[in-house]
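Paired with subunit B in one complex and with subunit C in the other, subunit A is shared by the two complexes that follow.
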Partner chain A sequence: MKDLFFKKIFLIIVIILAILFSTGCWNRRELSEIGIIGAAAIDAEADKIKLTYEVITPKRLDTKSGDEAPASYFQSEGETIFEASRNSTLKLNKKLFWSHANVFYFNEMSAKDGLLTYLDFFNRGHESRGYVNIAIAKGESAYKIIGIGGLKGEVPSSYVEAVFENSAVNGKAASIKIVDFLKTYYEEGIEPVVGAIQTIKRNETELKMPTDKKEEYMPLVEGLAVFKEDILVGFFDGIQTRGFNFARDKIKSGIIVSASPDGRGVNSIEIIKSSGKLNVQIKDGEYYCTVKIEINGMLNEETGKEDISNLEAITKIENNTSENIKNEIKSSIKKAQEYKTDIFGFGQSIHKKYPAKWKIIKNDWNDIFSTLEIKVEVKTNIEKVGVSNEQLSAKEQK
Partner chain B sequence: MPKLEKISAIQLISMILINRFLFGFSFMPTVTISPANQDAWVADILSGVMVLLFAIPLLIMASKFPNMGFNEYFQVILGTFIGKVVCFIYSLYLVFITLLTVIFLSDFLLSAVLPETPMYAILLFMLIPCMYASYKGLECIARSSIIISTFIIFSIVLYVMLNFNNMDFEVFHPILLDSTLSQIAFGSFNNAARFSDCFLFFLFLTHVDKTETYTVTKIFIILVVTFTLMNTVLTVATQSVLGVGLAKILRYPYFTSIQQINLFSIIQRIEFFNVIGWIVIFFFKICSTILAAAIIMAQVFKVKSYKPFVIPMNIIIALSVLLTSISHYAIFKTIITDYAYLVIFTMNFIIPTIVLAVYIFRRKALEKYNV
Partner chain C sequence: MGKLAYILIVKIIIEVYVMLKKIFEKLIPDKKTSTNNGIENEIKTPNTNGISNNVQKNKEILQSKFKNSIDVIFYEFETISGIKAIAVYVEEIVKKEVLDRDVINPFILKSNDNEVTKSVNFETLKKFFPVTNLKEINGFAEAITSIINGDTIILIDGLSFATSISCRGWEKRSIEEPASETVIRGPKEGFIESININRCLIRRKIKNENLVFLNMVIGRQTRTQVNIAYIEGIVSADVLMEVKNRLSNIDIDSILDVGNLEEYIEDSHISPISTVGNTQKPDIVAAKILEGRVAILCDGSPHVLTVPHLFVETIQSSEDYYNRPYIATGLRIIRFVALILSIVFPAFYVSLESFHQTMIPSVFLITMAGASLGTPFPAFLEALLMIVAFEFLKESGTRMPKAIGSAISIVGALVLGDAAVKAGIVSADLIVVIAFTAVATFIVPALNEMVSLYRLILLCLSGLMGIYGMTAGVFVMIIHASSLRSFGIPYLSPIAPVNAQGLKDFIVRFPLWSMKDRPNFISDSNRKRR
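For the complex of A and B:
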């Protein structure tokens, strides 16, 4: 009886303790105490880092939820990103919380310093995640980009993140996450790239949109920041970026515009499927590098006058499209060779195919790459021409 | 020998399997130490073979003395005095392994999950339930291990599936051309030599229900094949998500790899499953190792129950973590990376080999103990 009594008392104590300790964990942080970061802009300056951050307002995120802004913006400084982040508490009543960040912007100086210096905080810390987009602010301070974009009530960083995701169906931009950059950096025979972002002035029509915030500028994610190791060496424009994406087999869709068969107009081919492959062969000490692309497309627009319902015309369109893609790829390779950085991964192919040779040349690879003659082969198959047999402008021929 | 309940072979396998997940979930020797390249999975598979080879002395002795735990037949073979000294050392060794496990757990929680939680709070909330479980005995731990091992295997499969779109299997090329044979062999050895749960297996083996049809070797092979397969899956999943180079520099590569799960911007931040798995693995490792150490100690000092040793052992561990600098990152890392596997290898293979040699010399005198 006595034993049973003590067991009951013990059980009651255990239950009470369990209830007490179940109310929250040691590291609990209430929503009102944290500043949820949506985006951060890191501007490296000569002796300090300027950190600008978007703090998301926790509320219903739609345009009907009142006039309250979806996010607020603050800036703090420090010698490191972490110090700058903690210095935010000198002016903000919340502690920054990095787990839900969508995008980080870096100015050119930080990328030229070596991006790894600035990524260490995000890689080492327990809050941030590797799937956050990173982008280099082209030609301007990173803090000028943060906070622009999106409709009224929309969090700008979510908007920019979605625009970056669109690059898969466009090809003229690239969505690069922290983990992608680090993964490529640590791989042999390939150099990393990062998305580029800049601001462009809105035109009058865009400013008239009734649900819009009527901002003077909007973000443009076209292009690519090219790195050698972790140092920024230059930028690709949209076309070069698409050439790069073709070669790296990152294209899911996109529109290729080329001359009509009769040369009196242009046509738009939508890419339905694209496959790209790099191949390197070494014979007698010579490198034979080839980029082979095969795309399946659909004719979605034709402004020329020639009848396109015959095979000959289709073949001409296919050849013109192939030629255009070839030029895009060649242009991006040429640019990368000027920068002396193998962002395509030809070195990676050598590493896989000729590991013994790779061990000898790996330290000089970027120099070797810059002198290579690279062959580009593109094959276009236009399988469909839309729902019209003839182009609308063909009447005068009849 | 203190009297313990009977368990089934599958419970024993599950129990040791859970403990073995510790390395796959934490610092992954083949991914971070050697060969630390795309051939890590080869080293993982080879390490399974090495574990089998290293266990040969114990397997031979276990088959010769099927009704005895290793602590008992060590005393039979080496004589009472030397045998007791050796068993006492083994008991201390298991306490040391528990200490390292506790530091491992606190290190993970403090660096990756709960950085602001004080160490004493972690120790308090971890060691008290562990003490309770050890008190409740082998059956309690063995029974729950079935559910827990299923949960952990399920979590691994789930994470592999959710992370599949992040995986790039091209990182595994070229196969076997970047590593030297010695690098792969060292990686396999380093991994295999960390099988500290080997002694738990040979201690608890005598408590497996004899009505089941099994052989010691068969159970051991099933165990080794299962954990080798699971660890290889973890290695391949981690390296294919993070790449070989990035995985190498991380402290908890598997944990970082599952942090990358982000499906449709909805399924993300789901590593809590893994954190639960971590804590449970550590819980099992701590309570089963302490139980083993207490059983050996009770047998050495001819005490009927192992229970009086459980609380002092846990207190020693807690005080060592709180009052010494062993849990300091640099010291702990050196111990784990450079020395722990040598200590475990000595205890797992070298000492049992010496005992086996003694047995061979004395086998005629010991025939009466054999079945």
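For the complex of A and C:
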């Protein structure tokens, strides 16, 4: 009896010890040992990768914050991203901690190499999350973008992330996360896109204003990087991006400027609601593709002279707006056809509607897509005209 | 790997628990082996000689029994007709005015003939004492018992029996609101240290002939009066039997408070969870015995025990039933959340800070990292330090004289809070966590001891193994709680096993008119509440 008792105790101690030492890659680390990464820039060069990262400075309570820089920047090199990241420990007193990254920048070369090779590290690592914005640095090195933007004391990477989010009400940019990219990549009949970012030089007036960081450059997130599979093929400008967003039904808001009904001014329509639909029909081996957009808008500005309390005028405004949107969409489709990549997902609709047909054509769908005649139909409904029926400039006519 | 280790941890903790239980059982002799019956304990004085008709001789015997203790008064007097008599009582536990006015005085004046000495039996003697509660006493043992209980014994020369007159009365606290159970709505009276008054307080709530009080005397030296209260016809016969059994198995020297009893009758000795409830309020006791429970009153204690005591009762409050159901339900949710938080919050914080930084929102992580930059200890040690400091504060707050109360609160609030952060010993966010936990702890006072203990255990587990260890600990806690029984009733009922009628009074307090039946997991007899 007593023997059994002690045997049991012994066994328990052995098991406890075994468990304590067999906990795998799970690790205990104090907060002061980790360097929280806010953003990373990946610059692929001919034979190595240059990794630039932003380590956020923890906010200390006992010192006056604001005097310290919100983040510091380091660069290390390696053959792979992970190697480069580990090489950082040669000069940094903290372990890099990837979980709270806001945004990753890639240079054009890495995107042209195939983005997937670089995303694998972020997809595989136990510390990384899929909900990180990715952006392609347009026409420059990615490390030039990291670390700029934001007010004094603000972490630049969270500033850029907020800018991406803010751009949703504009339509001229897209906020693409790692998961979004992977989802569209693995989906059949649609090609992925990634947000584009570049630096712009600030003008003298802006720089002279007080209470700012007085940086010479600012980040600008306008436009879109267009991919074919995981290879970068080109860029969209802001207007083409908005056309793409209309067609993909990704528009939350935006301002469309069109000519006034009497042609003597302009008006701006704010999009309240937009619904876009792609439709593909195959008849006698011919593809009939249409993009149908319906927009509910609100008239926010009108500088023309015609009385807009009259319904005809409103109809004219609606038609002008529809025409403008149609042109935007057409220009973006045209550009995509030039790049021979179906980022709109017409192939996806065929895949759903005609699965048998899709199996035959899927390998050369992008070529078929580039030759298609695509019809665009836009319908605009102006729901509201704001709080005044008459525009200010209409008075002199009466 | 992870899952396997997880199961192993749970198994180990259970094994350790079982082993501890075995060790405890070895250390503590089984209480049920003592078969001494408490009710028979009452009179065990060896001398059972009868009272003789010689007053002086009787007095000497009694005096020697009380070892000439000065608080036992032997008052010798003589009636007008010349009969010698002695009144024996304990000073200050009899009402002297009543004794003088209604017993001694009429007896001296009235008994001017020789009828007293002629009356050989008790019945004829009665008319000389114009009071109720007269009792004939034949043996010395009986006489002693009634003297120490506050009765007065009259010995009359020539009669071979004594008369006991009950005119008890002593200084006692007035009925007031108990400081530890204050309410905004509902009755404010509380029990006091006198069992008679306490009985009366309950009787006044339940005016029903089925309300029964049973008397017992427990404690060889203190001979404390213990009462069991229940309602015949509602109480569960099994529980009542069990209570009687366990009480009568108690064989100890002294019962100074009902808390002494609690330890003897509870179900599990090593569990940190108490399976016996206690309250200071008659309305709560009334409600509990109306649900089929049994109350245990003890002379000298302002607390009354109620059994069986289940988990649901800890988050119920008497006010829930005096307020409207919405408010009561809202408050119960708050209590439940507070209970959970007070147990797991520090452990959760520590495991997030030192294992799972990924789970912390980015903005908060940056401030947290900043706060812990200057501190020398790991988060686990910091939390342990602060929890221990808090327990110190709590204890000194209860024990200290009221006059230096403000000093303690200043030291506690300033030194342990603000100064500890400024000195860089602990991080500021940890102080917030501990303060929050401290506040939450007192929302469910009934489980205070268990919460303090579990909090520490979970903290250690999470300091070692993160969320992984913490959840394993929580698992074991729940397993343990569901294995508990209070007087035969599962501790977690009505949640486990589920009881629909009982769930009406758990987190959501249903309107009173919809709770038509009594909770049948406590007592199955007489289900309808009318």
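FYI, the second predicted complex is superposed on the first by the 365 of 398 C-alpha atoms of A that agree within 3 Å, B and C clash if a C-alpha of one lies under 4 Å from a C-alpha of the other, contacts with A are read in each partner's own complex, and residues count from 1 in each chain.
Here is the rule we use: a residue touches a chain if its C-beta (ideal position, glycine included) is under 8 Å from a C-beta of that chain, and two chains touch if they have at least 3 such contacts.
Everything numeric in this text was worked out from a predicted model, so none of it was measured.
Enquirer: For A:Leu31, select first, second, both or neither according to whether it touches subunit B, subunit C, the two together, or no partner.
Expert: second
Enquirer: Under the stated touch criterion, which partner chain does A:Lys352 make contact with: subunit B (first), subunit C (second), both, or neither?
Expert: A:Lys352 sits against subunit B, while subunit C stays out of touch.
Enquirer: Is A:Gly130 contacted by the first partner subunit B, the second partner subunit C, both or neither?
Expert: Touch status of A:Gly130: first partner only.
Enquirer: Of subunit B and subunit C, which one contacts the greater number of residues in subunit A?
Expert: Subunit A has more residues touched by C than by the other partner.
Enquirer: Should A:Ile12 be classified as contacting the first partner (subunit B), the second (subunit C), both, or neither?
Expert: So A:Ile12 only meets subunit C here.
Enquirer: Please indicate which partner A:Tyr186 is in contact with in the superposed arrangement: first for subunit B, second for subunit C, both, or neither.
Expert: first
Enquirer: Touch test for A:Ser99: subunit B only (first), subunit C only (second), both, or neither?
Expert: both
Enquirer: Residue overlap on subunit A between the subunit B contact set and the subunit C contact set?
Expert: In the superposed arrangement, which is not itself an observed complex, subunit A uses residues 26-27, 99, 129 for both subunit B and subunit C.
Enquirer: Spell out the part of subunit A that touches subunit C in their complex, as residue ranges.
Expert: Where subunit A meets subunit C, its residues are 5, 8-9, 12, 15-16, 19-20, 22-24, 26-32, 34, 36, 56-62, 97, 99-100, 102, 127, 129, 155, 158.
Enquirer: Show me the residue ranges of subunit A that touch subunit B in the complex, using the header's touch definition.
Expert: 21, 25-27, 99, 126, 129-131, 179, 182-188, 351-353, 355-356
Enquirer: Per the contact definition, I'd like the list of subunit C residues that touch subunit A in the complex.
Expert: 1-2, 5, 8-9, 12, 15-16, 19, 22, 353-355, 357-358, 362-363, 365-375, 378-379, 421-422, 424, 428, 464-466, 468
Enquirer: Contact residues on subunit B for subunit A in the complex?
Expert: 111-118, 121, 125, 170-171, 173-174, 177-178, 242-246, 248-249, 256, 259-260, 262, 268-269
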